[in-house]
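Across the two complexes that follow, chain A remains constant while its partner is chain B and subsequently chain C.
Moving on, here comes the complex of A and B:
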């Protein structure tokens, strides 16, 4: 940080090299063996983008030079040819890079029979998605190809986001990285508070909950329905705290350097339906899939043709048919997106089930919307009333919990067993006994319960004042209050944080993906 | 123009004031965090127990005010009372001992004693030399000593040589113990006791701890005079550590009249007889290096110890055995090692005199517990001290 902010004024245009050096030091520090992968992705992305850019420019030159000679039909055909060529160039990089990602994720299951270890390359999913997003943007001609290899290397490897995102978009992130930023005290304090908040969520909440979750997953079959239900509930809290805490830390660090990374969570457990949940949870991944998979699929000729065929059919003339013809491309595209999200999580049937479950619910919700609306109308339920909103939030949270069962259970079969036990094996006394043996004593349990209430209150405030942040609200308070909060925050992390021998505070759940 | 000039003059001042205020705020914050963390590390979240209270109590003793320091493991603080020895023979002593204190810690302890005191005699109870290899590498056995030792070259050497986990955690114990807030009840009461000792400048009971139980041996009790020639080799790690320690003593110029190796009394049964045999081996090794060794396991007819009444388990004496043994051992030191009563200042004498009624009340309280059949760990902690003070006030 000092090197960045004390960088000589006359070389300001090279200030970004400090960030690049820091990113590579961070990456090398995490493991020298990983660096080959990220360099390959950077180089292949760089060359592929330049190649596409060259094709685009030469085609434009060609059209300009031969403007008079070519008929409209010729121009169209030429453009099609160029598009096909660019598609092939893009596909080359996509296959190579997603191929590496897929190989590292699935080779263990496909070629090693599920045993043995393959390298878990730090942040490979996140930098691959980010790089491929950039390539697709270059293909679409929405951003120019980066002509400086090192600048692209910084975009791919920017250290605060390399571990678990958020997945940046070139058009909004790259320029911020390359622009020299001066030290700004307000940004610094804002970033610092964000880091503190993230550390608190991760170290002082998530890592405590992880102890109990880990105890259950290590001997999964030994527990009854009550304990498993408790574990899934705890997991919902732990995962949110872990992942959003990590993102807060990333955003805070970036903010100190004058860079705004996108928000990745917006109080997802307040969602009123699953679609909204996925717009509030892991937003950058959702955006990526929306921009680079959902829209291309939903707008593809194949999907639109199906829709047209339904419309023209006898069924299409009915109200239901017309609705289905209208929403089928998007709902089916959603299904495929979530199927892909499931597969991305890992080579395990439980993740496939997770994707099918989420995609299926969204697809059904869209397809059956008229039925639901009609039922509400018949029951005289006001969609916007507070009780119905609370009902929708709780319903959505429960649907999310069902999805989490696939996450928590080690295998698909054990996930099915969990569902069975949750509904057939509820015994509070036995559950209490089991839960008290999970490595958390009563005081820690009480502390976690207090944290749930605390996070809930903070979330309600954030939700009600979504136009501003708690940090912005805090900045208007007297000095003693602001610094008191910082003091309490730091002490809370020091005392309640899980760290020291046997713990690695840098272990984030999503770093493994 | 004038106004503009004024504004220009004010600007740098405002900027400088802003910077100054920020620096003040940041330094204040860091100070507040540092002080709070230090307090928590020292008192609240330090995994405190009787070992902490005892070792910290040693450092509260005035410099060069102790005539005898006894080094060892649990035998020392269970079997020997410095307060009773003072009452009986007038010399001051202190147990620099911790639970399962191993021979690996001895050198650092002796160096600490040398640094802070100038005792007429250092007594070493040899239990730490007969432990198995697993005990020697157990982190907790090192930490009970190192955590309570002030940061200096002796602690650094001890940690650097013996630490088995992250070394930074030995120098900043808060890193390890910060999570002990989940045992808040225990931490709170111990912290209160540690603070009271610190404010007072000494502890009352000089580190003793015992259990209000009478042990009745279930296995065969040996007559040690029948087996005192039997020996067994020490475990490898303990053997190496103990010999290294003896070499250090020789190299540091300690003479036989400055150091005494002892074995405090035990009930030798079929369960622990191998420890007795190893104790005999330790005696041989000690003599090999030119120091004296007395085993009160073998040579105890004069003490009057009753193995069916004076122990709380086969390794440790209860308050009855403690009183008999302390009186005997204090007299022994006085007669054989010519330990003279300390030349204490008025204030020091006042402090040591205070230990006597506290010790008497401690014995009375323990006796009551034994008679009521209540098995309690009786040491200088908040609960016990409250009971003892109630007895004193009656």
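Moving on, here comes the complex of A and C:
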């Protein structure tokens, strides 16, 4: 950080090289054996983008020079040909890079027998998504191809986000990385507070909960329904704290350097339906799939034609038919997206089930929307009333919990067992006995319960003031209050944080994807 | 412009499209609405809206949408 801010004024335009060096130091420090993978992705992305760029330019030149001689039809044909060529060039890089990702994730299960990844390359999902997003943008001609290999290398490897995102978009992130930023005290405190907040969520909350969850998953078959239900609830809290805490740390570090990474979470558990949940949870991944998979699929000729065909049919002239014509192809596209999100998590049937489950719910919700709306009308329920909104939030949270069961349970069969036990085997006394043996004492349990309440209150405040941040609100308070918060924050992390040998605070749940 | 408004109103009768200026950023139109809208616009004006046209700035208001349609009709 010192090197970055003390970088000679004379060489301002090379300030970004400090970030690149820091990123590679970080990456090499995490494991020398991974570096070949990220270099391959960077190089193939770099060359592929330049190639597409060259095709685009030469075709534009050709059209300009031959403007007079070509008829409208000829131009259209020529453009089609260019597009096909670019598509092939794009496909080459996509197949190569997603191929590596898929190979590492599936080879062990498919060819060698066994479970888990072949090799866990640090951040491979995140940098692959980010680079391929850039390539598709170059293909669409919405961003120019980067001509400096090292600048692209920084975009692919920027250290705060390499481990678990957020997945950056070239048009909003790249320029920020290359522009030299001066030290700014307000930005520094803002970033610092964000890092503290992230550390607190990660080390003083999530890591405690992890101990109990880990104890259950190690002997999964030994526990009854009450404990399993407790575990899934705890997991919902732990995953959110771990993942959003990690993202806060990333965003805080980047913020100190003057770089704004996108938000990745917006109080997801307050969502009123599952599709809203997916717009508020892991936002950068959702955006990626929306822009680069969902829209191209849903807007492809094949999908739009199905819609047209249904509309023209006899069925399409009925009210239900016109609704189905409108949403069936689109909801099928979203189903495919969730299926892909599911299998991206790993080579395991439980992730397939997770994808099918989420995609299925959204598909049904959209297809049956008129039925639901009609039922509400008949029951005289006002959709926007407060009690109904609370009902929707709780219902959505429960649907999310069902999805988490696939995450917590080691296998698909054990996930099914979990559902059965949660509904048939509730015994408070047995559960209490089991839960107290999970490695957390009563005081820690009380502390975690207090954290749930605390986070809930903070979330409600954030929800009410969604146009600003709590940090910005704090910065307007007197100095003593601000320093008090910093002091309490640091103390809380030191006192309540989980440390000790064998416990690596840098292990994030999502880093493994 | 009028035809665009007509299509929009048929798609979502509950929204006041003449005054709304953050249809996408404000979350008024979701991705399903956008896809349905693209299908209608493509048919009506014989254009091809591509995924790369789907930036919020092109869909935030009825005005912006008709501007996009006009641009694509010229191509």
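Methods note: the second predicted complex is superposed on the first by the 510 of 513 C-alpha atoms of A that agree within 3 Å, B and C clash if a C-alpha of one lies under 4 Å from a C-alpha of the other, contacts with A are read in each partner's own complex, and residues count from 1 in each chain.
The definition used in the following text is that contacts are C-beta pairs under 8 Å (C-beta built on N, C-alpha and C of every residue); 3 or more make two chains touch, one makes a residue touch a chain.
Quantities reported herein were computed from a predicted structural model and do not represent experimental measurements.
Asker: For A:487, is the partner it touches chain B (first), chain C (second), both, or none of the two (neither)?
Answerer: A:487 contacts chain B only, not chain C.
Asker: Examine A:330 and indicate which partner it touches, taking first as chain B and second as chain C; both and neither are also allowed.
Answerer: The answer is second: A:330 touches chain C but not chain B.
Asker: Is A:444 in contact with chain B, with chain C, with both, or with neither (first, second, both, neither)?
Answerer: first
Asker: Applying the document's definition of touch, where does A:71 land relative to chain B and chain C: first, second, both, or neither?
Answerer: Once the two structures are laid over each other on A, A:71 reaches no partner at all.
Asker: Mind working out whether A:496 is in touch with chain B, chain C, both or neither, as first, second, both or neither?
Answerer: It touches chain B, and chain C stays clear.
Asker: Which holds for A:424: it touches chain B only (first), chain C only (second), both, or neither?
Answerer: neither
Asker: With the touch criterion stated at the top, can you tell me which chain A residues are shared between the chain B interface and the chain C interface?
Answerer: No residue of chain A touches both chain B and chain C.
Asker: Along chain A, where are the residues that touch chain B in the complex?
Answerer: Counting only chain A, the residues touching chain B are 185, 441, 443-444, 447, 479, 483, 486-487, 490-491, 494-501.
Asker: Help me check something: in the complex, which residues belonging to chain A touch chain C?
Answerer: By the definition above, chain A touches chain C via 140-142, 275, 290-291, 294-296, 298-299, 304, 307-308, 326-327, 330-331, 333-334, 366.
Asker: Mind pulling up the chain B residues that touch chain A in the complex?
Answerer: 22, 25, 28-29, 32-33, 36-37, 40, 45, 165-166, 169, 174-176, 178-179, 181-184
Asker: Going by the contact rule at the top, pick out the chain C residues touching chain A in the complex.
Answerer: 30-32, 34-36, 38-39, 42-43, 49-52, 54-55
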